Structure formats: C-alpha cells, structure tokens
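Chain naming follows the written order as A, B, C, D, E and F, and within any one chain the residues start at number 1.
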C-alpha cells in the first residue's frame, strides 16, 4: 500500500505527468511486490520561488 | 499535538471544508485525548491530473 | 480519494488508534462525500524530542 | 541531507521568502553540521480556508 | 529537483529498497527530464497498526 | 502558523536537535513575522538505507 508524494518544479506537460505516474507505479509494483491498485501517487508542483537549495531560491539562480 | 495533512481532489465547497475540519478535530480529540487547540489541520487540493492510481491519472479515467 | 497523514506524540494504545482511524474516516466520508474505501490514513508517532513548539522541544517542557 | 517542508499561510513577499530560506538553511547547517548544498527547502502556501485550528478554519476567525 | 516521499508497510528487504530507489529514480529522470542527481527519495516504513484503510487498521484485517 | 517538517539522517545528539529547533524557529519568526508559539516543527530521522540520492541508497555509498 505505498503512498507516494512527489514535489517538483512546475512546467511538465500532461503527457509527461501521465508517463511519470505510469512508470513510477511499475517501478514500485515490480520491486516492492504489490498490486498496481495499491499504489497512490500525489504530484505537487512548485513555483521556482518556493524551492530553496543551499539557502537560495531557485528563481534567483 | 496532532498535525493532520489531508490531500484530496479539488471540488469541495467552503461549507464542506468547514464541516470536515470540525468533525475530524472532534474525532481526534475524543480518541487521542488531546485538547482541541492542539489539533492543526492542513488541507491540500489536487487537480485530477495530479493524482495517480494504479498507474493512471484520475483525469484519464 | 483523501490521503490523510497524522503526526502525533507516541503513547496512544492500539485501541485508541483503532478508534481514531474509524472516527476520522467517518468524519471525512460524511463531509467530503466519498466512499470509505477511498480514505487512506497514515499514522506517525513522534518521540517528545522530535517535536518543537515555540522553539522548544517537547521533552524539555 | 535535510529535506525541509514548510506549510504557511499565503501572504509573504518574495523578499520574505528569500530571507526565510537563507536563514533557515543557515540554522540547519550550523546545528546539524551539514553542507549548505545538502539542505533542500520546499515552501507551500495555504489559503486561510485550508488551515484548521481547534476545529475552526482560519478564514472563519 | 523532484523530492519523493514513499510511505509503505514494513517488510521489504534491503535489496528490494535498493532496486526500488534505482527504478523509481530512472522513471522520474526519463519522464520529467531531470538529472539523476536531482532526485531525492525518502522511504518511510509503517507498522500495520499505523495504516488505516476504509476506517480499519491493516493489523485488524 | 508555519508547520515545519524536517527529514534528516539519524545521528544528531539531543543537544543538536534542541539548537536546531531553537534556531529554525527564530529564523521563521524573524522573516515570516509570526509569533514563536505559531511555529511547530516535526523532526524525522532516517536510516541510511531509507535515503535515495541519484538512484543509490546512502548506505551503499
């Protein structure tokens, strides 16, 4: 019953999200040995001003 | 001091969110035995293209 | 399809967790109008040295 | 390799977020003894109707 | 810069976790188009008494 | 009302956690302009086998 949360920068297309969810689910099913129905994935998009790395906002790089 | 995070699909009305927060808080206070002031709830809404189930986006079902 | 995460201090009994999950699920089903099967709840327990409030660890209060 | 998630009410300026990320990173680097590059911070903003405290939405206070 | 959190029931071997992290990272790199170094994955294991589904703890099924 | 979650590798002392919570709270209070009582921090410790970077578990580096 894996619950997956993925936070990433905005900018991916619907087609990319569709492939992402398909591929990540397959990866979990095949390695953790659970049925596909058990895998839930939440995608969250961040604006560049909401990601900090090494103390600097991504929008300032 | 329970901290609650609820991720759900968008589409609930303000009145539903109001009732949700009231009822979930009561449920926690009565079972976990803590004061109401200790319960914090964060609601997050997802678009159907941000939820994956069994490898498929909700918007594709 | 609500996904619920609850972080709370350790110390509740199994019976309390059982009631907590039952009651929180009912509260969500009745207010957000979703089937019970759609509600997933993750409980996480914290040690008092892992909760900070107003800049002070709970274990130091 | 600390991963930090901060959920807060909307309304901070870009300059406040810039300072927040800088200062929180410094605080972690100096106390947890890790290089700045290892610290990732995700900021998330909530609307007042998405925060519940003591069973009441912030927008209803 | 995807940050991934995976909550799952305890019981996977180290070899399964190793494969899981490898495969999920590949899936994200190839679909979201980011370098492997950008992908961070946090695994968290749950006891069966910490997962609620349809209002029932997993340990009670 | 910032809620902060920090996931980091295990191995910090109680004194380090105490300073971490104190310093991160100060950083948030001074930049986001909120009272100290409003800042809640959840610390979570990871084993090296539960952190993946660039597709490799930390325990395998």
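Definition applied: contacts are C-beta pairs under 8 Å (C-beta built on N, C-alpha and C of every residue); 3 or more make two chains touch, one makes a residue touch a chain.
This is a predicted model, so every value here is computed, not measured.
Undergrad: For chain C versus chain E, which are copies of one sequence, does the interface use mostly the same residue numbers on each side, meaning over half shared, or is it different?
TA: Copies use mostly different positions to touch.
Undergrad: Higher C-beta contact count, D-E or A-E?
TA: When A-E is set beside D-E, the one with more contacts is A-E.
Undergrad: Need the CA-centroid distance for the pair chain A / chain D, whole Å please.
TA: Averaging C-alpha atoms per chain gives centres 20 Å apart.
Undergrad: With chain centres defined as C-alpha means, what is the inter-centre distance between chain A and chain C in Å?
TA: 24
Undergrad: Quick one: which residues in chain F touch 2 or more of the other chains?
TA: 1, 3-5, 7, 24, 26, 40, 42, 44, 51, 53
Undergrad: Indicate which of the five shapes (line, ring, star, complete, other) describes how the chains touch one another.
TA: other
Undergrad: Would you mind giving me the full set of chain pairs in touch?
TA: Once each pair is checked, the touching ones are A-B, A-C, A-D, A-E, B-C, B-D, B-F, C-E, C-F, D-E, D-F, E-F.
Undergrad: List the residues on chain F that touch chain E in their complex, please.
TA: 7, 44, 46, 49-57, 59-60
Undergrad: For chain C, which residues are in contact with chain E within the complex?
TA: Per the touch definition, chain C meets chain E at residues 4-5, 14, 17-18, 21-22, 24-26, 36-37, 39-45.
Undergrad: Okay, in this complex, where on chain C does chain A touch?
TA: 1, 3, 40, 42
Undergrad: Going by the contact rule set out above, which residues of chain D touch chain F in the complex?
TA: Listed in rising order, the residues are 1-9, 12, 16, 19-20, 23-24, 26-28, 30-34, 51, 53, 58.
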